[in-house]
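Structure provided below as structure tokens; questions to follow.
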Amino acid sequence: MSKSLKVVTIGGGSSYTPEIVEGFIKRHKSIPIKELWLVDIEEGYEKLMIVGNLAKRMVKKAGINMDIHLTINRKEALKDADFVTTQLRVGLLDARIKDERIPLSHGMLGQETNGFGGFMKALRTIPVILDIAKEMEQLCPNAWLINFSNPSGMVTEAVQRFSRIKCIGLCNVPINMTKSVAELLGHEQFLLHFIGMNHYVWAKHLYYDGKDILQEMLPKILEQESERAVVKNIRPISWNKDFIISTGMMPCPYHRYYYMHDDILQEELEDFSRGKTRAETVKSVEAKLFELYKDMNLDKKPKELEERGGAYYSDTACDLIKAIYTDSREIMVVNVRNNNTIASLPDDAVIETSAVITRAGAIPLSISSLPDVAQSELLQLKTFERLTIEAAITGDYNTALRALTHNPLVKHGKITQIVFDELLEAHKDYLDKWNKLD
Amino acid sequence: MSKSLKVVTIGGGSSYTPEIVEGFIKRHKSIPIKELWLVDIEEGYEKLMIVGNLAKRMVKKAGINMDIHLTINRKEALKDADFVTTQLRVGLLDARIKDERIPLSHGMLGQETNGFGGFMKALRTIPVILDIAKEMEQLCPNAWLINFSNPSGMVTEAVQRFSRIKCIGLCNVPINMTKSVAELLGHEQFLLHFIGMNHYVWAKHLYYDGKDILQEMLPKILEQESERAVVKNIRPISWNKDFIISTGMMPCPYHRYYYMHDDILQEELEDFSRGKTRAETVKSVEAKLFELYKDMNLDKKPKELEERGGAYYSDTACDLIKAIYTDSREIMVVNVRNNNTIASLPDDAVIETSAVITRAGAIPLSISSLPDVAQSELLQLKTFERLTIEAAITGDYNTALRALTHNPLVKHGKITQIVFDELLEAHKDYLDKWNKLD
Amino acid sequence: MSKSLKVVTIGGGSSYTPEIVEGFIKRHKSIPIKELWLVDIEEGYEKLMIVGNLAKRMVKKAGINMDIHLTINRKEALKDADFVTTQLRVGLLDARIKDERIPLSHGMLGQETNGFGGFMKALRTIPVILDIAKEMEQLCPNAWLINFSNPSGMVTEAVQRFSRIKCIGLCNVPINMTKSVAELLGHEQFLLHFIGMNHYVWAKHLYYDGKDILQEMLPKILEQESERAVVKNIRPISWNKDFIISTGMMPCPYHRYYYMHDDILQEELEDFSRGKTRAETVKSVEAKLFELYKDMNLDKKPKELEERGGAYYSDTACDLIKAIYTDSREIMVVNVRNNNTIASLPDDAVIETSAVITRAGAIPLSISSLPDVAQSELLQLKTFERLTIEAAITGDYNTALRALTHNPLVKHGKITQIVFDELLEAHKDYLDKWNKLD
Amino acid sequence: MSKSLKVVTIGGGSSYTPEIVEGFIKRHKSIPIKELWLVDIEEGYEKLMIVGNLAKRMVKKAGINMDIHLTINRKEALKDADFVTTQLRVGLLDARIKDERIPLSHGMLGQETNGFGGFMKALRTIPVILDIAKEMEQLCPNAWLINFSNPSGMVTEAVQRFSRIKCIGLCNVPINMTKSVAELLGHEQFLLHFIGMNHYVWAKHLYYDGKDILQEMLPKILEQESERAVVKNIRPISWNKDFIISTGMMPCPYHRYYYMHDDILQEELEDFSRGKTRAETVKSVEAKLFELYKDMNLDKKPKELEERGGAYYSDTACDLIKAIYTDSREIMVVNVRNNNTIASLPDDAVIETSAVITRAGAIPLSISSLPDVAQSELLQLKTFERLTIEAAITGDYNTALRALTHNPLVKHGKITQIVFDELLEAHKDYLDKWNKLD
């Protein structure tokens, strides 16, 4: 690997950019970035300039030697890159608003990663990421693609199975869970062994001073969790602690979408009836952030960004790049190829788990067999994911319906098609393949 | 096996009894039944006498040598039996009415085999059947238990895993599917190879004149199916034929509960709002049947019984008993031990599939691997079933909740517990173990 | 299937032919063969005429309407055939003599099916059978290929995996085992459930009068076996009965090659030192048979043929053809696609097991899991077989060496290559692919 | 874990002891050992004193604070230990001489780990190690057992499956392979990913500067290997490089026992005929070493110890103890629980693979699926190992024979029992269970 790195951030006009720039500045000694290219599409040019200029001011203030390039010419940016990060959102927040509102209008969750919304987002995002991967095969075939576009598990699996580009997916959920356990233990030297899939991940072991103390800590962990929202965008609906303890594993906040589906649905339907959805809240937060970013005197990441949700995402990406570049062999939680780690899933399925990071990639840790019940749950969701990936690539309508049949947050029957057709129409500008089907 | 058989029918006071008696009369030459014991519980004594006397008149008319015994002393009946059939309903139709009405009152399906109702029925039935199996271990350890009490798959699996009694489960769904294909082909010499679980079974191959013609026949099969209700108690909601064809297998009518869940739910909620559920319809049909049975001049199965639903059930049981007794090695569709037939399920799971019937039991036919998607669906439902069996035996509340978490016809969240608690209260007379928990 | 059948026997000039002809004559009412084509290669023309004329006399004597055609034009014969049987031996008995003598001269077993000899026979036979299958794809794509050319398991697997022709493999070993159990029980109405691979097959269950009596019968079966040679061509070396009983299954006579390898090797080396091998014995028996066949007054299968070894092979082929043609659904032991029946083997591996015979083919019976140890043994041998098939098709030298590395009857090291090179040279006329490599 | 450690070395009177003592001295800053107990049996008292006094001189010279205790009272030593290492040899070198000579006298390899000798060593060693583990359960239940008694894989698996003691097994083979690759690359920053079983392990990936370069390096690795003996006690017989390259993995030197079995056997038989076996060579080396150790002026590990074979073993043990104690999370090659890492082996089988070392134990790295052929080989050897462990614990004669049936270095047939009986007799003082059987 070269001694002076070229890093490319696709979706560089995002409001998150100051976080990743801050991350690179902090780690400048261990990751010698010479060039940081922020890339966006034409429609995002204005935002790219605003946030890009903030980035330049941040670098200048830090007094380090890192060139910031702002461009809408993706190929120019990708040429000879060492690392490419993605934080893109096809169709922007307006698409997310549709993903949420249309299903809610028919009485089901939109939810931008796990529900009907996540399914639509996958259909829009996977072809775009695969296009990027194809360009990378030409322009920077050895570069790493660090994906944090959602749905991260499906996007990463699509790149791994349908391109030759090395790709690792990231999520901030395990980081948040780890931080909350650290707070509880008052220590950092422990190991949470994570296993599962993106947004359906558990901590199965908590190793501390040579012992696995997860079972004894689980009641305290659940107690603590109910006192504060672990992740910004999940409702802190309290669940039946005895039931969770009986599963023997620490669930992630997103497990609520499955175990407490009806309660979340009722709350969201109520918000919806009052004209308020998560996407719309986010959109107004974003608008305010860009107002702040325009301030020529601002030369650091503003505190308000933390309210945006998704905290630690960019920080984690920087840590991962550093771990790869330095061949550090530390353990991080990433989305990687299964390789038998979970026996019920195919070898080439992407899972989310604790892995050793090396310069040659992430190697997952083996783990004692998951309970049958958990393997069954994961197989069901992975079946949904794989059918969704297939639908995103082929544009086949029946494959899409079969995918939806396996999503437990979706209503099944004639209504599935009604909502799907409405969403295809609403997103037709971003779903080329599907338009051709009409 | 002895040359003159003793057969015991538990739940002998059922309205179905004339069908099984007719079946034994028809096959008298190949199954030499010397004694037929109809057993019921004290509360069913009156019905037992009515239908039992009809049975006696039927046998007398047939002029054959088969003694009908009517008793509420189960142990006396079981002593030295060769075959025991079960057609019992713990809590009678009133329990079914509660199973259906309580979930519907909270906006979800009751459904007496697949939904919340089926779950509750399993909790009530499994302990009773296991008591019978324990008595059989003492009184007739080599007898066959032919189960057609629903949920047939779970009940059969419970007996196979938790007693030493040989047990085969039956369902009339595959028979109905076979008859409807026979009608379409205008032939009998074909082989439908069935695979799946009770009430979630597919025909995967249709062998006819040396070829598998399922793919070419599937459109015609679906066409025909939409013209008539294949099974009495399933609403003939039409499904998306293209979608079904894309699965490559012939589904059973019960697949509608999953693929068309929302549509069935809406219809049932409407009926419920008008005060009409399936159980109540059945109850009034039954009352009329018993009026007919009282007629001292009636000496054959009345035509009206066919309207009851469940046609062919008893006929199939007679065929199975004949096949075992004569070691006929014919192929029948039964609920048997998996033994690797479906790779994603445990060896000791009970599946519903085509099997060769021998005097030593049913040996399933191997089959080419099911599509990954189907294996995933079966694993999910089997996980529900195995947790339900465990809950039925242990009476553990959290295990019950975990079972319900895996049932796709149930709403998940606080509502699950609310409905479960209401049902536990409603059925408390039939749920000893659970009462102890209070 | 047509009402008047055309059957083709490839290798029709074999000394076995009178047996298969007798078999067809006996079953003429249920298998209406209009034409029987005996095909051989040019070098076999004289023998074909001798045995073919005997066949004509047999048919004439029987007074039935079956035309016997003798030809060396294989394509003419295959046109529109319904069943094709193979009893060919590439390189004739002289090749077998080399297969046995060359390895023995280096101190290891030749053995024409399991050892180095079987490996070489597979290399010679598989390309020829695949050529036949390719011709069948053109000339009679729906015909059945009934293979009894050895090594039967590998040949059948090669056809199933590398052609579109329907193929079932046969072996007389299970028939002999069944006959010997029938003798012991004094009964025919039992079911031996066989599982394993060709020449490495066990009976795992012996169902009799509704019970599995294998464990109690095993000592008696082993006692009886040691009194007589079960199969002509296996030395009746007595084995440690306690050891066999501890495996819980009834082994086939060929298991001796593994469990008693050293003893058989010592005996064969002794015979070899006295200039006598099995192949040479067989060659002189064959010469005498053909002298008998020439007798114009002979019009039936001569008794002397039974001494040849391989008894019941042809009879079994006739039974199989009848079972397919009549869709009889009886249970026979055949070489078929695994389809998960043995969990440790690939789905498309060919195994030898009890199967239901239908007009659409053989469907194996499921069976409770084999002991881990047996699964391990089968995987090792199947690994040998699959590498051998690959070598036979590709002609790759290292693949061949890797195959031999997994054969437990072969010595491993430099000697493997020495013997292999010597055999390649000896058989160069029948190993086109390999000659090209030189 | 306590801040001042108590370490116990069982078999402390071994000639290896100076190496482990040197190792502890070198790492004294990171592993604060307060007490080092060297334990031996009564027969080993003299040697224990000789080598123990050398150890005391070494510690004194190093000027560190570590108390050396010499004892034959094992329980006193184990009380409250933190780490226990085993380097014992039941029956001493005389037993090994018998393990080698008796099989060779019947024309087969003795080989003290893989062949008949290894099998006998397992029968002697496993009961002794399990006794130690039972004592540890009482006296130091949280201590780590670091096993380097051979056959290391089987001994480790026996402890893991049949005691509650945490146990990790070690072998110097992977260390030697790693050192030889380091020499070739002229670098240390690479990762050899090992997978397999003890003495049947491969390097499957060689990660270097972000790429897997194993395939391109394999020819060079094999070239280098043939120039020098990688492991002292394996004959450097050259193998067919093309054949090895076709397997796609870097084999360990012990693979020669399988791939070049016949060549090694011939060489050993020749040595044997000249009265010279490996064990006898080692015995004379040992005698010389103890002469050296007696020298009161010697206060460091003598250079001559390196000729003994087994170099780096003790060094590796020290590294492992350090990694556990410091929770270093570095990657080492150890014998650990499989946990699905190799799909064809049971979860609780012990495998040898690259693992992350934590204070809570070794967590193996997942790896892309092994080739089918390698999985088959491992399953065969593991079947041998598991039957051997079962035999060692139960003393069942037929289980022992079944184990031997799966060892490819053993001749199969009557000879197996002859040799086994001779070895049982020769070792009867160390095989209590088996004597009872007589």
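We just call them A, B, C and D in the order they show up, numbering each chain from 1.
Basically, contacts are C-beta pairs under 8 Å (C-beta built on N, C-alpha and C of every residue); 3 or more make two chains touch, one makes a residue touch a chain.
Treat the numbers as computed from the prediction; the structure is a model and nothing was measured.
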item	value
Matching chain pair for A-D (criterion: over half of the contact pairs shared, by residue number), options A-B, C-D or B-C	B-C
Chain C-chain D separation of Cα centroids, rounded to whole Å	46
Chain centre separation in whole Å, for chain C relative to chain A (CA means)	58
Chain B, residues touching no fewer than two other chains	none
Category of the chain touch graph - line, ring, star, complete, other	ring
Touching residues (chain side chain D, partner chain C) in the complex	237, 240, 242-243, 246-247, 258-264, 344, 346, 372-373, 375-377, 379-380, 382-383, 386-387, 398-399, 401-402, 405-406, 408, 411-417
Partner chain D, residues of chain A touching it in the complex	1, 142, 189, 191, 193, 205, 207, 209-212, 324, 327, 329-331, 337-341, 343, 347, 356, 358-360, 363-369
